[in-house]
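Next come two complexes built around chain A: one with chain B, the other with chain C.
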Partner chain A sequence: MSSSLSTYAPKKLQRRFENKEKEWIRSDNRGFLQCRPAFLKTGSGNAASGSAFAEFGSTKVIVSIFGPRESKKAMMYSDIGRLNCSVSLTTFATPVRSKAMMGFEQNEKDLSSMLYKALEGVIKLDTFPKTTVDVFALVLQSGGSDLSVIISCASLALADAGIQMYDLLTSVSVARVGNNLIIDPTNEEENEQDGNLTIAYMPSRNEVSQVTLTGEWSTGKINQAMEISVAACFKLGDVLRNILRESE
Partner chain B sequence: MEVKSTPSQQPNLLIDQAIVPGDVVLHLSNISTNKIKLGLGLRQDADTIKATNMGLLKHSRPNKYWVESSTKRYIPTAGDAVLGIVIDSKPDNFVLDIKGPNLAFLPVLAFEGGTRKNIPKYEVGTLVYVRVVKANKIMNPEVACTDANGKSAEFGSLKDGYMFETSTGLSQMLLSSPTCPVLDALGKKLSFELAVGLNGRVWVDASSPEAVVLVSNSIMNSEFLSDTQQKIMVKTLLKKIEL
Partner chain C sequence: MSVELSFGEKNFIQGGIEQNLRADGRQRLDFRPMPIETGVIPQATGSARIRLGSTDVIVSVKAELGRPNSHHPGKGKVVIYVDCSSTVGPSFQGKKGEELSSELSTALQKCLLGGSGIDLSSLILVEGKLCWDLYIDGLILSSDGNLLDALGAAVKAALSNSLIPKVNILPDLAADEEPEVDIIDEEYTQIDTSSLPVIITLTKVGKQYIVDATLEEESQMSSAVSISLNRNGQICGLIKRGGAGLNPSVILDMISVAKHVSIRYIATLDSEISTAEASSAS
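== the complex of A and B ==
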């Protein structure tokens, strides 16, 4: 680091997992198919129509929902409502402080459009024509599997706001490290991964709303990963359901 | 993998229970009546009825089902009395914010004995107690300051007093009959004027500021309290101003 204006950051770890034959050991002693303990709560924000907070290990996300409210841009008539998703990371969310006020980082744009695609399939847009629902997700700490946590938290917030949905949406991601499939990867594990599968799943309808697959995969491994993640989403659906019932 | 379904052969098991989006509420093959009326928050999916909103499942004889939920935003429904705030005035109508998805229009002639000569002058920011005349999801709702028969019936602008926002569930509780315990207990000791809008706005006016503050705080506190807890809460607050 030569420039005098740079901030201090811990030295980037070398790839520890060079030998792909060995078994990966998870740093927090979880089994490969064990998700992090989750804490979810609705109703945290006051100004918003609905809001939820989710904490999965070290990943912390707050989602606020505003609306349905009047569309400001060109009041063009449309049969279905408009959904506007925006994900932003706080400057202290990542280990290295991100450049503040540089407009949207590329990562944020990706997350926003993926969140939009996931929610598009589950919200009944025809119940609020001509109006807009704004979904604002703020990542307080990015500790891995960010998109999954954002999606699950957003569906909780939408239920809290009273927006009509076909079903709750749960999401889990599976990383492929060598020959192992590990579920709900942390940041460290995501850096080492060779492939990642994130799905957004509707538990009661047994339908998948979104699949995001990156990296190197063989067909057998994809099948296996899908089964693992669908089973995990199903269990997460129960957790979400219990939280919503308690909050009523 | 099986789809999870709650035991709903008899729909009675879920009445007054908390349900979340995706819950199966009824299996149509199992019930006897021919026609079921679905209200807000329920949807037919092949041969099951599923919930789309989170809330309590309600049922009224013989065959009406709906989901009652308390939200911060209001969904305009015809016949409701709401509190709107004027945000603009056009030649033909006033534009009101009623905490719903769309702004509401109040025609300038929708007053008792209203003619072109005596249009009320509502400035931006005026609080108005109105009745929703027409509401559907594709149009801006239309409101009026008259009741269904054309009489003014207390509708119109509200002067003085204090307005605060609550959830729609609390508004419904305040308007339920028999009178809810918190209003009952307050009414025995204080005299005040109250306007409750089903859109989650409540207006209070009384002769002294302490009374206004006390009534507003009691109402805001009472949302999640049981009947006896409400009475105790009001009693504690009233002690503070020696009543």
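== the complex of A and C ==
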């Protein structure tokens, strides 16, 4: 499915979707089931107990982990640890300066709560009672599939910080455009999509910790999309493991 | 939403679900009776109140004239917001209440507006200039579990209760001029809600899943998956709650169970809405 074009130039949004049923060439010349080239690195921040940087195509994210540290005095005693997740977008992360955009704060809130929901079942919270772990994510550039990149990057950062987890969490998003499924959609593809499935998956436990689905789907398509994303999560899990091994 | 249960009570709930006989006598895939009232708020364009056991929610729909988004000149706008009154209980107060209300609002938006549930192009009056904005506001009066399904059903009932006045658009002269409108209060159009999906939440307790969980049952859940389905059996949205992970095959199985349940649920909901409409009209 990969194209024969040898040069690449950044292009403005092109309407390639007049006929969604036919196959088209994705704007970055990827195949439908091919993820964007990824670059991941641990330990990008100094002050944090663990941190990671992830770059999937034009989506760039930094995640820093602080703690486990003492919970605020006002918090009640708890025999399991607390997890605090916060996602913020820089003002220049989106093509339109984002602070002026409608629903910008809502978007940050949604991403934060989705990140929390994905991570809460993965971290062994009982290993750090009375304390809090902060997960701060910063989206430097929003280029599509932001949530999946944030989740994968956060799990890498948590591993870097030495927080105990049941498994490395990997996340992938699949977009449905017409009858086609494309993995790891970019922003312009997300704008044209008819449906989206994002899963956060623990490969070694074969468990989905979080899943959201939007748009209209038939059961067959969901099965197919789920298979594709699980397979991609497996591969991403291996990539994350290798990075952690190399960084030691 | 904290329920303090003793060890025995927990065992009773879990064991009952395991044996397909729940504390209130229902089977795992039975809903509680769902009485609906429509037209409960006179100031609103449409409204509905739904009770599921002691869960009690009101949804109002207000239609206002607005300007379409510049990115979608051919579409009207729909905004869903859920308010959690702190009269429900202390857990609905302050920051926790805000979190819950934003969680429910987002979930409803994802489940109901994601597909082609509401035909947004039918809300347009003058392309790029004038459209109806639908403000859908939910209010939780009392909570005994399964808030999302109740709200989803109430939104459907409130929308089918909504009468949008007909509008006469005076032919404007220049293209950049604002259109002048004349609202005719005697004539109305109805919103087509036949393709609006319903939300079914499957709560996983032990190895089994149940629909329409009460607050006590929800406190025993490991995770819950809310699935929105339309009349054609297409899935229009899926959201997971709860920390425990799920095997992908379990999720697919939940989808097929929800699909099975939805046929009966949609039929019940339709008949309840039409009874409510008939009694509010008389």
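FYI, the second predicted complex is superposed on the first by the 221 of 248 C-alpha atoms of A that agree within 3 Å, B and C clash if a C-alpha of one lies under 4 Å from a C-alpha of the other, contacts with A are read in each partner's own complex, and residues count from 1 in each chain.
Basically, a residue touches a chain if its C-beta (ideal position, glycine included) is under 8 Å from a C-beta of that chain, and two chains touch if they have at least 3 such contacts.
This is a predicted model, so every value here is computed, not measured.
K.L.:
Let me test your reading of the model: by the given contact rule, A:S49 touches which partner, first (chain B), second (chain C), both or neither?
P.N.:
The answer is first: A:S49 touches chain B but not chain C.
K.L.:
Is A:K117 in contact with chain B, with chain C, with both, or with neither (first, second, both, neither)?
P.N.:
Second partner only, chain C.
K.L.:
Scan A:R30 for contacts with chain B and chain C and give back first, second, both or neither.
P.N.:
neither
K.L.:
Touching A:M226, do we find chain B (first), chain C (second), both, or neither?
P.N.:
second
K.L.:
On the A-aligned overlay, A:R69 touches which partner chain: chain B = first, chain C = second, or both, or neither?
P.N.:
Only chain B is touched by A:R69; chain C is not.
K.L.:
After the superposition on A, what does A:T127 contact: first (chain B), second (chain C), both or neither?
P.N.:
After superposition on chain A, A:T127 lies in contact with chain B alone.
K.L.:
When the two structures are overlaid on chain A, which partner does A:V208 contact: first (chain B), second (chain C), both, or neither?
P.N.:
Once the two structures are laid over each other on A, A:V208 reaches chain C alone.
K.L.:
After lining up the shared chain so the two structures overlap, which partner does A:K109 touch, if you call chain B first and chain C second: first, second, both or neither?
P.N.:
Only chain C is touched by A:K109; chain B is not.
K.L.:
Kindly classify A:E216 by the partners it touches after superposition: chain B alone (first), chain C alone (second), both, or neither?
P.N.:
Second partner only.
K.L.:
For chain A, which residues belong to both interfaces, chain B and chain C?
P.N.:
In the superposed arrangement, which is not itself an observed complex, chain A uses residues 166, 202, 205-206, 230 for both chain B and chain C.
K.L.:
Residues of chain C touching chain A in their complex?
P.N.:
99, 102-103, 106, 110, 114-116, 223, 225, 230, 233-248, 251-252, 255-256, 259
K.L.:
Which positions of chain A touch chain B when the two form their complex?
P.N.:
Touch residues, chain A against chain B: 48-50, 67-70, 79, 124, 127-131, 159-162, 164-168, 202-206, 230-231, 234, 237-238, 240-241, 244-245, 248.
K.L.:
With touch defined as at the start, can you tell me which chain B residues reach chain A in the complex?
P.N.:
Residues in contact with chain A: 1, 3-5, 18-24, 41, 43, 50, 52-56, 69, 71-73, 75, 101-103, 137-138.
K.L.:
Which of the residues in chain A come into contact with chain C in the complex?
P.N.:
Counting only chain A, the residues touching chain C are 106, 109-110, 113, 117, 120-122, 166, 195, 197, 199, 201-202, 205-219, 222-223, 226, 230.
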